[in-house]
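Next up, some structures in structure tokens.
Next, two complexes with chain A in common: one pairs it with chain B, the other with chain C.
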Partner chain A sequence: MTLAAGIDVGSAAVKAAVVRDEGNDPVMLGYETVRIRRRDLDEVVRAAYEGALARSGVSADDIAYVATTGEGEGVPFRTGHFYSMTTHARGGLYLQPGARAVLDVGALHGRVVRMDERGKVLGYRMTSQCASGSGQFLENIGRYLGVALEEIGELSQRADDPEACSSICAVLAETDVINMVSRGISTPNILKGIHLSMAGRLVKLLKSAGCEGTVLVTGGLAKDEGLLAAMAEIAVERGLALSIENHEHSILAGAIGAAIWGAFRHKKLAQRRALPV
Partner chain B sequence: MTTTETTPIEAWTRRVEDLVLDLDLSAVRAWKDAQPGRKAIGFLPTYVPRELIHAAGMLPVGVLGAGEELEIVRGDACFQSYICHLPRSVMELGLSGRLDVLDGMLFPSTCDVIRNLSGLWQLEFPDKFVRYVDVPQNFDPEVGGKFYERLLRELLGELCALSGKSPEEVDLAASVRIYNTNRARVSELYALRAEEPWRVPASEAYLALRAGMQLPPEEHTALLEEYLELARAAERPMQDNARVVIAGAFCEQPPLPLIRTLERAGCDLVDDDFMLVSRWLGPDVPETGDPLKALVDAYLAFGGEASCKYVPDGEDKGARLIASVREKHAEGVIFAAPSFCDPALLDRPMLQEALDEAGIAYTSFKYSENTGQLQPIREQAGTFADTIKLWGDQ
Partner chain C sequence: MNAPVKKNVVKEPSMLRQKEMIAQHFRDLARAKEQGKKVVYTFVPGNLTELMLSFDCLPLHPEINALQSGMRKLSGEYIAEAERAGHSEDVCTYVKCDIGMMLKGNIGPTGEKLPEPDLLLLSYTGCFTFMKWFELLRERYKCPTAMLHVPYQGEGHFTEEQVQYVVDQLRSEIIPKFEKVTGQAFDIDRLRDLLGNSARAEEDLVYVLESAKKRPSPIDAYFGGVYYIGPLFTAFRGTPAATEYYRMLREEVDARAAAGQGPITPDGLLDEERFRLVVEGPPNWTHFREFWKMFADEGAVVVASTYTKVGGTYDRGFRHNPERPLESLAEYCLGCYTNLNMPTRVDMLTNYVKDYEADGFLINSIKSCNSFSAGQLVMMRQVEKRTGKPGGFIETDLVDPRYFSASNVKNRLESFFQMLAQKGQEVPA
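Let's look at the complex of A and B:
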């Protein structure tokens, strides 16, 4: 049995997960998510890691491999680091074994990763550097409208006449939103318009990556049911055979994937008698 | 991640980084100012026999461009857009007066661009000593050997004339000994890095080597010894990274942030071809007999390998690279070559073919000494490291 931890350092939150791996059957024991909120990153990482250990009922000494991902290359107590695409692919497969692609929508980017049944990355596509397809953009809009991030999805699904907005540039989209508010457009219709705009870009990304079948949405925006509904609508409109799903632990996909790969790597190194000491 | 305390090795790194990134060559100026009449001779990559400059009583100074520290204006006027970045920045350094401290320049036969740069240098700086050093591409002692010996005797005479030292005073054997010691410390550094890469990050090893481009060899040897002691004593955790060899960076140097990016992406760089002048001959140049002949023989028999060196038998192409991978227990190769570097980029397909046959993984990218956009390289190196770690044995 191997216990491994994964720590995913994102731009808005640090996620940590602990996995127990027996043979080829990993099981997540516990997890923790801590928002960064301009605090010292060292402290946030430590809090997420210790929280995940406590919720898993294990101690740091029990962990054979601490794997970081995301922006976690600088975590001093890591055993190794895996790149985000590698970890989201494996974490996505753990959460949804039928998925052959993950759509990682985080605070500052959108990214599609295709993988095989082992979690090996087969290809990927990323959005351009513009933030209009990202969680940070949506959070900013929510702030203008006085809506909490968690409420956005539900409100969006109440829309009856969504208002189109710019899908190219976050700055233009924000200007659009200000205009919409002054024109008296309802909050649900504004939010649905934004969701459709973001969904259009993300579905285009899925198409360009050659995705088919089940796609698991990971990252911070996976919880946004309004965005998923908008993506499903657009996929149907465009005749794409995609089942776009989320999971209650979607936000942890990177951390889970890192932990699973950490355990996998630990076993390999043990076989070679080359374990880090 | 931030730490507040500065460890001895961090203090060493900052000190040496300041030295290396100083485009005004303050260390060279200080060396000259310490004793009236001292002279310094610049040289470009890949290889010149620094022992001759040292024996003539002058300071050899490696000129490796301006990295990302200087905006190129006048240098661009001298070269076409399809020429690499190094000659532009070297020309910019020269025309802006930053290389005035150098009393001469040696341009080795690395490529056509360096040769043309030597011609431009003669036109731009007619009062300075300029020499094109045509290191041989024929390794037959009777042909390339005789040619090289004659070239070195001429060069030593010219350097003595410049320094004012009479050829009778020259103790070339002593210079060979001093550089042998220096090369032995460099070998020790590379051996430690290959054995325990977490103790010797490539970025620090690079700084340690590059400091030798400005310091007298005796001082550089002491600096290397200081670093080796600090590295062995430093408490650094072993990490699970992919062991890779870098190939193609033998002339125009990658910017330091690029080397750090590769390391952060999960690559332990266990061998490289940075500043090969420091390692071209190895530490065992014979210290008895005719020292000049010893330098010639060492060049012919044991000289290093880079794309600028002709490999007479095509079957041997890539053999040194593969041997390095095997000796250093590397798991892959990163081909990192400067944009528009003809020797490295023309060699690359042949080297890749050799690696394919040997079953060694590789990835490739281009850079420039002033490359600032490192995110694509980070992604590429990161996924390469993951591939090696997870699927390398399949």
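Let's look at the complex of A and C:
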């Protein structure tokens, strides 16, 4: 049995997960998510890691491999670092074994990673530079409208007449939103309009990457049910055979994937008698 | 969280030689009027350098000035000046940088004032913006203009009739204009001598570019490549100085290859070649070193690029030919990269990926360059389909610093390198 921890350092939050691997069936024992909020990153990483250990009922000494991903290459106590594309793919597969793609929508970018039944990455596509920062943009709009990030999804689903907004540029979209507020458009209709514009680009991304079947949304916006509903609507409109899903632990996909990769690497090193001292 | 920066930046001797050649050229330009030399403004693609030199003219390339201004962090100010003068944000930033520099006194990259043109010579090789650019300069300088119309290679190849059409223009329009401006008679033997020098230099340039087929590649054919093409693509083609430069460069590259060494990067010799790439599109000049470092830090080496073909597709076999002087100048212009149709460009990229055994290819799409950027997403899909290798897509600009978002570029490059890294990797159960 191998215990491994995965730490995913994102631009808005640090996610940590502990995985027990007994061969072919890894199990997540516990996890922790800590928002960065301009605090010292080392402290946030430490808090996430220790939180995940405590919730897993294990101590740091039990962990054979600490795997980082995302921006975690500088974490001083890491054993190794893994690219986020491979960790999201493997973590996504753990959460949804039927998924053949993960759509990672976070504060910095939207990225789709296509994979096979083993989590091997087959291809990827990213949003263009002008559509970067989707998550951060939504958070800014929420702040402008006086809506908490967690409320956005639910409010959006109450829309009855969504108002279209620019899907190319966040600056243009913010101008659209200011104009909508002054015209008295309701908050749900504004939010749904934004969701539809973001969803339009993300679905296009899925199509251009050649995705079919189940897609698991990971990253910070995975919990936004309004965005998922908008993506599902657009996929149906465009006749695409896509099932766009999330999971209660979607945000942990990178950390879980890193932990699974860490356990795998540990076993390989042990076989070669090359474990780090 | 980046790797520590290595110290002791190493510069290739050929790079230092080139720097001195360029400095001397700008000194000559600054003294051109007092020495009675005629100055010809022209562009890199389709340049007729040997013809200019045969009339003792000094060539000056506005787009080279622009990229030099970009590398010297001056372009932002020049572009702002051009925009204040009414040029739109969407206009090519080479143009705006040049216009802005002109409006601010036309001080060249080496700090000396550039001379006004005695002739504007436009070889039209597919970039419509060049034509509008020279219309602006003509308005300003009120000097003679010569335009060589080069037919676009819409069918993917040129015909004898097209060659003849260009040669006829050289005879009836371009050469008489040079004779009038300089007061000198055309000397075809002098042109032949210069073309002979060009062919030797071209042979060595191709040798250097093709050295990237070795593993590890002793050169970076994009970031290093833009230096290697310098003399041949600008004022020196046909000169003994250029021929000597390429002989020296070839020896340098041979020495690195023999020692099993990689290219020289901003931080010195590259330790390990992890990824071999083909790159389409011009580089960003305002953050050139930072951009290069994003590749070098990941062990990514560009083994072939299309931008290093804008001033001539010599690796496709073309050489200037002293036996057919005007015809070979015509064929040179017809074969310039910007004059090629999209299927030919896709063919070139596909062949580069295969011939240079690249792991993937990358497109640097330039915000303000329609000639290069139009159709690049389609090209990417075509090359991916034909080679089975992953393609990456990033967006920057030539010399407008506002369009270089380091974190966005790095973010995308990291994803691209991640894709390449996991190829052939064993996956956990």
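Simple rule for what comes next: the second predicted complex is superposed on the first by the 274 of 277 C-alpha atoms of A that agree within 3 Å, B and C clash if a C-alpha of one lies under 4 Å from a C-alpha of the other, contacts with A are read in each partner's own complex, and residues count from 1 in each chain.
Convention: contacts are C-beta pairs under 8 Å (C-beta built on N, C-alpha and C of every residue); 3 or more make two chains touch, one makes a residue touch a chain.
Keep in mind that this is a model prediction, so the values were computed, not measured.
With the C-alpha superposition on chain A as described, chain C and chain B clash in the combined arrangement.
In the superposed model, A:Ser182 lies in contact with neither chain B nor chain C. In the superposed model, A:Pro76 lies in contact with chain B only, and not with chain C. Applying the stated contact rule after C-alpha superposition, one finds that A:Met85 touches each of chain B and chain C. In the superposed pair of complexes, A:Val121 makes contact with chain B and with chain C alike.
Steric collision with chain C, judged by C-alpha atoms after aligning on chain A, is confined to one stretch of chain B among 26-34, 80-88, 188-196 or 224-232, namely 80-88. Judged by the document's definition of touching, chain A residues 73-74, 83, 85-86, 120-121, 261, 264 lie at the interface with chain B and also at the interface with chain C.
Residue ranges of chain A in contact with chain C, taken from their complex: 23-24, 26, 71, 73-74, 83-86, 90, 108-109, 111, 118-121, 123-124, 126, 128-129, 132, 260-261, 263-264. Those residues of chain C that touch chain A in the shared complex are 1, 390, 393-395, 405, 407-408, 411-412, 414-415, 417-419, 421-422, 425, 427-429. Of all the residues in chain B, the ones that touch chain A in their complex are 1-2, 237-241, 264-266, 379, 382-383, 385-386, 389-391, 393. Those residues of chain A that touch chain B in the shared complex are 40-42, 45, 65, 73-83, 85-86, 120-121, 261, 264-265, 268-269, 276-277.
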